[in-house]
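For reference, chains read A, B, C and D in written order, and residue numbers begin at 1 within each chain.
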């Protein structure tokens, strides 16, 4: 987690304060449930809630942990300092540390997912707004980096919208998958604690009880979660790469926003670098690199080992913080993206009209010209555009074979951009409803 | 795709024959739709169906491709040999190769997913059957590879069931996500083909029309698909690792099935190797290694480049064939797994009763003994078990402090296995309903 | 291993014929060594060499394996069919299957490395030739895809040369690391076979004896090997990406070679797609995806398990065949790359002279103008180029402040391209010696 | 970088203080070189060294950066506060930020490598010491987790030594590869700075000048570096896994050291968890996950983009800090590993003498008994051991067929452990010289 690629709200989910607060809530709710079940006295359960508004003292807990060598015990000791040791004596009864730790981790991931969902929604709003704005802004579609046929900037943005909308669905699924809790004891048998405690705590924390756990919540859930983040990050890279391409000097169809006063922007006006989207390309890798380790974590020996723990301490915060930052950055890039329709047209016409050669070829064969002849007709005119900078339509209109086959009007019609945009509304309807 | 790790049905999905058959269906259905729209004559559309039962000649198509240098054109040429060139002249009109190729790839992935879904269902059936069979078979639960508290073999199998059941849900989602088709032309604008053709073809092939495509179907779908296979493979590894542990000489709580006649099985009865599950561990890696490249494939330049293609030619068949084989192998392992309840008990009692020390410690403190004293009481008896091979319960019953605190009956009760299994039914109900 | 991305010589290394030939050589040399040590009769060792020129019958061996269920035994049985069963009775004495299999795998990897080394040498030759050819071909250097300062095409090619030359060194190291053999028995103790047999066999096969093995050769060697292939593949992607960028319609500074007759090349002259280098981008991912599994293979349980085996059956052939093909394809791309110096100049001058703005700014401050003033001077002239298409030098020469500060001659000098190329020879000397 | 998995010396390499110190040294040495070349006045170069012992004020630099939005400029401004603005005016002349940043990163990686080399040397010393200590400690070798033939604990440790010794060689190579620097300007042409400045600075910093750079040092070097760390981490996992297996309750051949006073160690003497080596398994994944992103970083657009930067900010510190910690932890584990020779013998004899069945089978066939008969003889005795707990040697000595074939003395000899350890010295000589 690099500060410069972090936003405070997501970072705070992973702070010691937040962690202890969740620990506290788990323990307090568990006491309530145990009191309801008659396992512990009600007054002891009530007493725990005295610490409801306490901001736990991380340094003090660390101090205790230095002695006890156990983080949960250190916390419980500190809690007793607030609640009173006698009142606190039933806290954590029948539970194991993992009950607290694993449930907490899932609470954190769930909250992180909620922020990421909001991030995606903001990104979708930006994409939609800009897509509608540029629905009819003509630009050349490119396959292999080479001009193919006309399309519109709106379609480009609409497909990014559709892709991110799928990601939103995936993320919601992943969020629900990870929103489970377990309070099932040392090997998951509930030997020392009633399953109803788990049910109560989960309900209070907005979690589903894990149907069957061992000492830990099964890690296939986490693997699926981090894999989903990896897919989203890959889509971030996809959009970022489009912007990077559009901004390069020779293309210049769009540019990341530069504030007027931003240094260097005007003395070297050509040197406005797409550093935000380049950065997003790298951030995507950081999110993605967690996917395989998260999958390696699925295999634990018997009822658990702790091989997964250090990995999760790293990737839990790192991927969610990085992706949160990346989505927000991307939203801002899209929101303020400078789009240059004139340059789009100029690029499309770099070889004047040549982008229509495929359509002309098709029209000739449909008009009954043999494939071979059609090819020759198109070729001799195309080469004049390519090599001598002529205008393709003008040349075709001056070619008697082509005119004989298609007629002037039809040749003109082949250069009508409306032909290429006639289904834009249909597609927008599919995407935006 | 290694033949020894392959099953014919999945392999056949990826054969050239299957591929050409799907190409054919796409083209024929597209002709139908175009005829319905009045774009091409009905008789030409009908004529294409003459090839309905043709087994296309792969060698002949390769021969043509050697000349045309283009796979789809080679196929169309061959198709015309069956349908008649004149009749076939409207086939593929307004379409691009990618319309056929991408839609076909998704048909193949969808069919592959269907086989994998059936594989998972078979595995779930085996896991459920064995779980119920061993619901009450006591074994020691282990954390960190070290004895913790008693559990049952049925719980182990039930949690594998629950994990694979989640994988089934994930796979169904991934299958539906990949079941899309696109016939939208060179840059996705439907300039040369009506969107209703796409709708018709997709309906006939059991696909959903891709709401917005470029020249290709967006690759976030494929990334999510292969990521899902990676999660499933990781669960395969998880189960395989449990079996490998159980079969090791010192543990011997289970073993992969050995037929009576299998060589080497009885002259060296100790040398029955868990080679199937070791193999599954490796196969899991093969499936998983496709995940990152599939994510790297999401980023394509503008309306498409072909960087993804070679990767997909590799991982499409390799991961689905490998996972299909792995799931079938795992099902067979589970189905026939030799389970040794006596050894499970013997292992649990390796240090006679010591596995109950935690519970006794807890009972002492709950009975009012201070933590420090409770610890001393348990320790002095535990060490006699650990070092001198004594029986823990016998020692406790002979320790006046312990007897004073707990009473004989309560000490006896601490060694009751029913304490640990009392919620097995609850958990089974959660898992199996 | 996809046929279309394969070359026969590398494929043949991984054929069953080659494998059996190596098995044979190991067994025959081992017999020789055992005869020399007096462990088996000399005539039996000699008899084995009767099969020296035999092309082993793969189908027959498969047939036997179907019965024996063991590949090495099947081979030995077939070998006895050639040598005579009595004569062959000492073959494989004291050895285990892994002695043969692991040593064979390393022989294959070593041979594969030798081919890859030759591939790299050919690539280096092509890069060097083209680098020298275009040593002084001016093009604009770009950071962030944006014009920065002039450089030369030769420098671009020279740095690819330097990168691939480092890869050659890495590959040679990896080759030597993997060129080991082991004939040390079931757990590596040489209990049943003299270490001198291993030494003899290794010497004959061009291998170094593995200093200490278990049942297998340690897999850190293989991890390092496949990691090296991954680095090389990443460099392939690096060069491929440069070509893809250069070929895009708006840049067009270079293009993959198109034969005159290649269809589509002239009717749509703008549509020459960089499909070879796009393909190389994908192939790089295929090679790279083996790296992590190869690292996961390092951990084996105790003296060996077979979790690594299925992975290696896949990645052994797949990565070497793919990288061999990729290097050969890249060599051909470089060798025949169409380079367009005029377009390079035209691109550099897209905003006439603006690429020199940084240098002018620097010169002004060095001439004593304050940073703020220098910035203003440059800016007002740069904007005229950027917005109105003026020529930067002309504007500067017409700006009295600039002329006052620098003088006409010095302004002219700032546009001298020689300033940027003056150290090209030095760099070439560093790279090519 | 997680504090609990970090050691201060490695962390300090990545501190802002260290970074600024290296920046300073680069600038100061560059000034020296420029003064020597007559490019700037000698006194200005000398003046820069006034800041030689300054501890740069990170907060102050951050404060300036908040205004300038540029880290290097912020540092230079702060440097001028120490040196005097007039004296400092030639600092950084003709250089670009990347010259400083990239060279600094390589200095940090080189220093990190030096620490890691020392870590490996310490680990090797521990492995060697323990290997020699247990050279003759008999334990059973296992393939597939199943008893195979006897070996010694010393051989296990010696092979880990050999593996880590190869890693040391690899790391030294990787260190030298990364120990380069570049001061070559905006696109690597040395347009604004003499190559001799680069040579001087590199010499002073213990680096080799990068033969050809662009704006950045080529990233194949970094890919190779992080790949090497990934291989080393995989070896850490390999050793850790062996310890984890040895410590599991049923095996108990070794255990991570527990101090006498460590809580829980004696009340639950069976519950000493191999948490250190489990943790090492996870840490290995953290190091390994950097490998693929580092390879993805190799491809940069033209003369550079910054997609690599965020990845390196993450993996630079994270992998080196984690691996440093892991190696130190592993060294400590090995150093203090509790090894239980008695348990090793007891495990080997779990099925009394059965581990010798393979050798007896071999002896019978070598004595002229047919394979089929030999198999029957061994089988009938082996089954009595396996099923009834008899002693294998006793049974064989009571089997008249076996005695007839081998004689009593030879049967006894087959159970001589010396047969299996006779080449231990040879192997140790190979490993330790």
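As a convention for this text, a residue touches a chain if its C-beta (ideal position, glycine included) is under 8 Å from a C-beta of that chain, and two chains touch if they have at least 3 such contacts.
Just so it is clear, the model here is predicted, and its values are computed rather than measured.
Visitor: Could you let me know which interface, C-D or A-D, is made of more C-beta pairs in contact?
Guide: C-D
Visitor: Provide the C-alpha centroid distance between subunit A and subunit D, rounded to the nearest whole angstrom.
Guide: The computed centroid separation for subunit A versus subunit D comes out at 33 Å.
Visitor: Just the number, please: Cα centre separation of subunit C and subunit D in whole Å.
Guide: 25
Visitor: Send over the residues of subunit A in touch with two or more other chains.
Guide: Counting only residues that touch two or more other chains, subunit A contributes 142-145, 148, 244-245, 275, 278, 288, 292, 296, 301, 305-306, 358.
Visitor: Have a look at which chains touch which and call the overall pattern line, ring, star, complete or other.
Guide: If you draw each chain as a dot and join those that touch, every dot ends up joined to every other.
Visitor: Any idea which subunit A residues touch subunit C in the complex?
Guide: 140, 142-148, 244-245, 247-251, 266-275, 278, 292, 296, 347, 350-351, 354-355, 357-358, 361, 375, 378-379, 382-383, 385-386
Visitor: Flag every residue of subunit A that touches subunit B in the complex, lowest number first.
Guide: Checking each residue of subunit A against subunit B gives 141-145, 148-151, 155, 158-159, 162-163, 166-167, 170, 173, 177, 185-192, 195, 209, 211-215, 218, 220-221, 223-224, 227-228, 230-231, 233-235, 237-238, 241-242, 245, 288, 291-292, 295-296, 298-306, 358-359, 362, 419-424, 426-427, 430-431.
Visitor: For the complex, which residues does subunit B have touching subunit C?
Guide: Per the stated touch rule, the residues are 2, 4-5, 68-70, 244, 263, 275, 278-279, 281-283, 285-286, 288-290, 292-293, 296-297, 301, 305-311, 313-314, 318.
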